[in-house]
Structures are given as structure tokens and as C-alpha cells.
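Chains here go by letter, A, B, C and D, matching the order in which they are written, and residues are numbered from 1 within each.
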Amino acid sequence: MDIVKTNSGWDRNQMAQKVALDIPDGSYVNLGIGLPELVAAYVPEGREVIYHTENGLLGMGSAPETGFEDPELINAGKKAVTAIQGACFFHHADSFAMIRGGHIDICVLGAMQVSEEGDLANWSTGEPHSIPAVGGAMDLVSGVKTIFIITQHVTKDGEPKIVGKCTYPLTGKKVVDRIYTDLAIIDVTDAGLFVKELAPGITFEYVQKNTGVSLNRYF
Amino acid sequence: MINKIFQSAADAVEDISDGSVVMISGFGEAGSPIELIHALVDRGAKNLTVVSNNTGSGNVGLAALIENRQVGKMICSFPRTANSTVFPELYRKGEIELELVPQGTLAERIRAGGAGIPAFYTPTAVDTPLSEGKEVRIFNGIRYILESAIKADFALVKCKSADRLGNLIYNKTARNFGPVMCMAAKTCIVQAREIVEQGKIDPEAVVTPGIFVTRIVEIPHPAHESQLVLENRRYPWI
Amino acid sequence: MDIVKTNSGWDRNQMAQKVALDIPDGSYVNLGIGLPELVAAYVPEGREVIYHTENGLLGMGSAPETGFEDPELINAGKKAVTAIQGACFFHHADSFAMIRGGHIDICVLGAMQVSEEGDLANWSTGEPHSIPAVGGAMDLVSGVKTIFIITQHVTKDGEPKIVGKCTYPLTGKKVVDRIYTDLAIIDVTDAGLFVKELAPGITFEYVQKNTGVSLNRYF
Amino acid sequence: MINKIFQSAADAVEDISDGSVVMISGFGEAGSPIELIHALVDRGAKNLTVVSNNTGSGNVGLAALIENRQVGKMICSFPRTANSTVFPELYRKGEIELELVPQGTLAERIRAGGAGIPAFYTPTAVDTPLSEGKEVRIFNGIRYILESAIKADFALVKCKSADRLGNLIYNKTARNFGPVMCMAAKTCIVQAREIVEQGKIDPEAVVTPGIFVTRIVEIPHPAHESQLVLENRRYPWI
């Protein structure tokens, strides 16, 4: 059987939009640095989502207009942000009490690898001369109720990021709930990985070929 | 769209059912959500475990809830009051269980419950009867005991002002256990003297961020417990 | 040898004054309920002492004038108080972080019994039908740097309160630093109890006679 | 009479000696007490253990302290920065030690240090390389690791306003680690944009109660770290 790919899959914005559609009205959400940040722009009209940034702000708004940046009003990626009406500031221990205590509904993170069982590696390559830097990633995956991963399906070198076992050091074990890639949306379940949706023109077989572990399908 | 505002105390406590663990804010009457407690008396849920610093005064508020035989167990630091015989009488008859917890340990166990910390070590109560049966461990030559988090199904909390997102500020020493109880309960029900427009509470001065709050009821003129006690009132009102 | 007592010893206010004289300028102090509360009135002119009350106020002031009581501004004894300029309010976990974390310099407490080793019993008689109530006493004695006890030297029945071993349930073990009674001021040291000062007309022998354990003297 | 006000940053850091454990507030440049750090560079104390979320940017502030070889060990969550090579170079040469701590665990360990909690259990980092060698314990069927408190000899903290009693308020997300570091250090040294009259800070809005603060220095116009980095400045100023 030929492996069919008639389309390049979703682009970054479309991926972000897919994530955004799955965030229910009224959710408290923490968005990781980079690709996850795009999600905020695609929350459907009529839904209210409150963004938490672990450096001490609940009710993070969009980026300020040029010239209105405040170096003391930043997000976890150290970029200038704004605060919505009804926002509040708090210290780091309180902020991570929200995270660790299970008060944040959804966290959207990037990934280096995700395993069949939902293990996540996204903080270190484990190479001897790399500078290890974990930030809040381990706290987020252990504390937030639902973890969404948004990532390209394969690495720049074409290697699968969705694998049987992570080879990079783990951020957390059995923590990922759903993976959004340029090719598909994949649920992590006790029975294995289930493809929930395919990008237009992308076949299940093509996704499988680019995945390091056996996939299941709902359909 | 988020809107946590409920129209009445009765609506707000409607799903508190038999056997629930309920945290109730307050240090004496300061910060005690008397209207929410009375709504819970009306609701009638039984066999509750109540976590609160005291056991109420007179025959109103928390004392009324106990007198109405809705509380199977109290977790508190100071169940003795000059002006209520409700708890002592039931306790002496063996009809209510008591878990006595030092006040700071109580506050920290509740905070831990809200902060995702299952257990912590503390120096408080080491070598006293309140550490009996608890694990002792030495850190840097000092003995500590292990204490576990307390979580609740519901918290009933009183504050000064709230907005529709659930951001809260309190009044003076009526703040006490409110903020940590909001954190530690699955459903946090708040009575506020006023509900203000979103953005009216200074974001630097918010004490309880809205994420911890589930429901808000506006009670502009809460009853003064001490006044009711002076007047020998009892709830349900006769 | 006759045991000499030519005076009834210090009264409650004099005891409180003795404690107050030993509180250094700039101290953060927690005063227990009852007799300890009297101490605040006797802080010498020119010394600034900040009072902490465990129910969430640093910078507690004196009692309000009649008619100006606020039921939401109270002390640990649930009495109406005021707040000084520069006071602040905080929640219970933060308040006990101050206590447990060793940030309060001095706590003045009452006692049912104090032992030779500085064990304190002040929360329960341990009788089967008494209602046990501990409040913040155990937190205070384990966390505050210096514990002063202010108490009558003997019970109403004339029994010594300063004893070899406490018979009542303990509040804390080896926690008391100094005891102020109507008869004497007594230091708790590793070498035993040392009488530091006698009330006018009170002899060491008289104090010893009313004490359940052997006393030492500095003088 | 309590007066915690010091006349200069140099005076305020004068007793920080070799081998001290120093907490430094800030998340990136937000909340980083750059003038106090520069005073510590001038002071020259060596072999410091520094507890701070990051390792500084460019060649100013915390990066300058590290570059000046005053830091023997960093305890932090995120030592990588886009715009500084100071820490990475020393780290790769094995000339600075690193204890990498997840950000929330770092904050909680510091809070514990200030709150008299010697150790606590947390779910963060379970089954990852950062839990290696740590005690694992199961509560309610879930695995947690034991983490210990962090205390410091000194904390260097930046805030917005202070009064002479040491009550502090912060500015937006520059609050971050400041409040818990104030709690956890024997000597807490604060640089404030303004020192206000006692009573001017709303007692309901105080973030750090004065009891946690030892010294205050007024720095009305603190340097902007990112601006200095853009200008390729380095400290000591050339």
C-alpha cells in the first residue's frame, strides 16, 4: 500500500487553532513558551479563557503595542505582555501552588519527545555539555489537570518525536493527554495512542510511518 | 463567559451533600460566613466533617450547624468558647468527633491541600500528646513530625469584595483562614459584602486570585454573630 | 531557718512591667491571652515594639475606645484591638509562617506548669471530660525564638506551678527561657532553674518552698 | 525605634562575607536588584552560593557577579539565557557548581525555609533525573519526592515601595521570588524605588510584612538590565 500524503498538513497557526478549539469556555490555561503561545489568538469568539503565567500573573493579556512594553510585566518566556481587567499578581510560591495544587485546567507545552504512555521529554537533550534548564516544566506536567502537547510531528532531521520510549531525560511520566502535530491530533490513552483527527490530505498510514510507535485509530 | 455569581446563599450551597468535608472560614465570628452556614443548616446535609478554627458561639452560625446534628466530626484548634455549650455537650456525650490540630498546623495543612503538597514536616507539637502516632524525623538535629494535607469538598468563606472572576479581598483580621480554604476545596463558595466590577480590585492587592473561587453570593449586610448571641437568637430563627 | 516573706510580692501589673523591661527595642512580640496582654502597657518610653497577633495582624495597637470596636479587627483572644500606622494584615498560613519560621523574637505566655527543663503545660488539664483546646500555643512555643512565661508562682490551691516534671499534657518540651512570677524572675538554663531577681520582701527560701523543684541562684 | 533604612547599597551589603548563601530575587531582569548585586560585586565576597531563578544576562547584574568569580554554586531553575555566555562558559569548564531545581520546587523550598518547614513532599520531578537520590513516598497511591527547605544568610530583593518598618509592595511580575526570599534569609536587604511614610502602604495590600525585612535602600531609578545588555555594558563599569 502506498503511503499517501497529498498535503503538507497543518501549519503552525492551524495547529494552534486546533488546540484552541479544545479549550472549553471558562478554562484556566497556562501556555508554554514558543509555539504554545500562538494558541491564545485562536480562542473562539464567546469563550472566555484566563491565562496564567507562572511568573506571577493570572489574567495575562496579549502583547502590548510597541513602545508600551513594561520590563516588569512579562510572561514566562520573558516577553512583554499585558494584564486584562480582573487580572491579579502574586508571588512565585503562590503561583506554583496554583499549578501543583491542580487549579490550572490546561497546560499547552512543546515537546522534544512524547512516549506511547504519555511520558514527556522537553527540557534537556541530556548531552554532557548542554546547559540543563528546566524552568517550570516539571511542575506544570505534574500539577496541571490536562496536558496538551503542540509540536511538529518529526524533528528537523525527520526523526519521530512520538516514540515508544523517550530517549531524552523525562520532564514527567504519564503526563500527556493529547498531542497536536502538523499531521494529526493524537490522544494518549491507557490502551495506547489513538489518532483522533488527521490533517487534510494526511493519511493514517503516513502518520504511522512518521511515528516511532504503533498508533491506533478511533475511526 | 465566566460568571461565578449566584443569586442566593441557598442556591450556592445546594449541592453540599451528606458526608461532605466542608471548610468554614473565620476566627471566632471574624470572617465566619454566617449566611452561608445558615443556608447549609436549611439544606440539612448530615454527617459533615467541618474544618474550622472554632466551633461557633451561642446557637447561631457554626454552633447552629452543630446543634442541628449535621456535623459528625470537627477538625479545629480551639473548640472551647465562653458563650456556647453546643459543641461541649455533644462532645461529652460522644456524639461528635474531634480532631484537635494546633492552629498553625491547621492553617499549613490546609495550605498544603491547596498547594499540591501531600505532607510536610513541622516542629509544632513534637513531644506533646498531639503528636501521638505521628512519624517523627530529625532534620539538622531537630525533631519534627509529619503532618498531612487537608482538602475539602467545599469551602464556605466570607470576604469583603469580589468580582465576577472570583478575585477577593478581605477585611482586616477577618481574612484569617479564608485564603487557604479557598485553595483547598474542590468547590469554593464565597459570600461577599459587595460584588464589584471586574478590574475594580487593584490587581496588586488581590488576596485570593479568582482561580480558587467557584461561586460568589453578595450578602451586603451580613448578620453580626456576637450581636445575635447577645440577643439569645438561635438558628433556625424561631 | 525561718522562711521570710515580708511582702506579698509583685502584683499583676508589676509582673507585666518586669517582662516589658526585658523586651529590647525593635522586637517583634506575640502576647498570649490574659495576663500577657498587660505587658504592652509597660514598654518603656523610647522603645518600639511591634505586636503580632496570630490571627493575622502585625502592628497590633491598643484596645479601641468604647464604641469604636470592629468585630473584624480582633486579637487572638477575640477582643477588639486597633492597628498601628504601618500595620499589615495577612492570612493564617502566612501568620504562622512568621511564628514557625522563627521570625517572632519573643512570645509571652501564661502557664499551668513549667518544668525544670523548660517544658511548658498550658493548654489542657488532661481531664477526661474537659474540652481540649490548643489554639496557637504549640506553634508559638516551637517557633518563637524566646519564650517568656508570666504566671502566679502557685495555683489558687497553693500548689507549685514550677515543678520537676509537668503532670499536665505538654505544650512543648524545653521551650521556656524565663519565668516571671509574683515572687521571682527565674531563668531556665541547661544547669537548672536560676533565680534572677526576687520581688521585694521575698526571700529565696520562700520562693524555693513554693516551688516543686530545686532552685539555684545567681547571687 | 525601628529604622531599617540604609543610606547606600554599599552600606547595606557590607557584611556579606565569603561563603555566604545569598538569595537574589528576580525572574530574568524583572525584580532583579541590580544595584544591590553591583554593590556585592564591589564588595567582592567570594565562594557565594547564589539562589536565583536565572543566571543573569549580558555582563551586568547577576551575570557580572558570576563573571567576577564570586559565585561557587548556583541553585536555580533556568540557567540558560539567550544573551549571556557567562554562566555557560564557567559551567562547561567545571568552574561553577549547579543545583538545578524545578521552578515551583525552588519557590516552595524557599517558602519552606522561611516558614519553619524543614522538608515537604511534592509530585514535581518524580521519575525524572532531577529526583535522583531523593526519597520517594506514596500518599494516596501517588508517588511524591521529599524536598528540603532552602535558607539563606542574605536575600537581595527589589521592590516598588517600602516603609521604615520594612513593609513592601512590588510591581507587577517583578514580585516573583521576592516575598519568599525575604522570608527565608537571616538578613533581608531590599532596594526600593521609593521609601514612603509609615502608614502610606495600605495594610490590606502589604505583600511582604516588615518582620521579614532587615535593611532597605532607596534606589529611585534602578538601571534597566535589558537596556544595559543592549548597550553591551559590563559591570564593573569600564
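The rule we apply is simple: contacts are C-beta pairs under 8 Å (C-beta built on N, C-alpha and C of every residue); 3 or more make two chains touch, one makes a residue touch a chain.
Fair warning: this is a prediction, and the values are worked out from it, not measured in the lab.
Engineer: Chain by chain, through touching neighbours only, how many steps does the shortest route from chain B to chain D take?
Structural biologist: So the least number of steps between the two chains is 1.
Engineer: Have a look at A-B versus B-C and report the one with more C-beta pairs in contact.
Structural biologist: If we tally the C-beta pairs in contact for B-C and A-B, the bigger total goes to B-C.
Engineer: Can you work out the whole-Å distance between the CA centroids of chain B and chain C?
Structural biologist: Taking the mean C-alpha position of each chain, the two centres sit 29 Å apart.
Engineer: For chain C versus chain D, what separation do you get between their C-alpha means, in angstrom?
Structural biologist: 37
Engineer: Whole-Å distance, chain A centre to chain C centre, using C-alpha means?
Structural biologist: Chain centres of chain A and chain C, defined by C-alpha means, are spaced 56 Å apart.
Engineer: For chain D, jot down the residues that touch at least 2 other chains.
Structural biologist: 108, 111, 115-117, 122-123, 170-172, 204, 207
Engineer: At least two partner chains per residue is the criterion; list those residues in chain C.
Structural biologist: Within chain C, residues 83, 89-90, 93, 96-97, 99-100, 143 contact more than one other chain.
Engineer: Every touching chain pair, please?
Structural biologist: Those chain pairs satisfying the definition are A-B, A-D, B-C, B-D, C-D.
Engineer: State the interface residues of chain C toward chain B in the complex, per the touch definition above.
Structural biologist: 53-57, 70-75, 78, 83, 89-93, 95-97, 99-100, 124, 126, 129, 131-139, 142-143, 169-173
Engineer: Which of the residues in chain B come into contact with chain C in the complex?
Structural biologist: 27-31, 53, 77-80, 87-88, 91-92, 98, 100-108, 110-111, 122-130, 170-180, 207, 224-226
Engineer: Taking the complex as given, what residues does chain B use to touch chain A?
Structural biologist: Those residues of chain B that touch chain A are 1-2, 111, 113-117, 163-165, 167, 183, 198-199, 201, 203-204, 206, 209-212.
Engineer: State the interface residues of chain C toward chain D in the complex, per the touch definition above.
Structural biologist: 25-26, 28, 46-48, 50, 52, 58-59, 83, 85-90, 93-94, 96-104, 143
Engineer: With touch defined as at the start, can you tell me which chain D residues reach chain B in the complex?
Structural biologist: 108, 112, 115-123, 137, 139-140, 142, 144, 148, 169-172, 202, 204-205, 207
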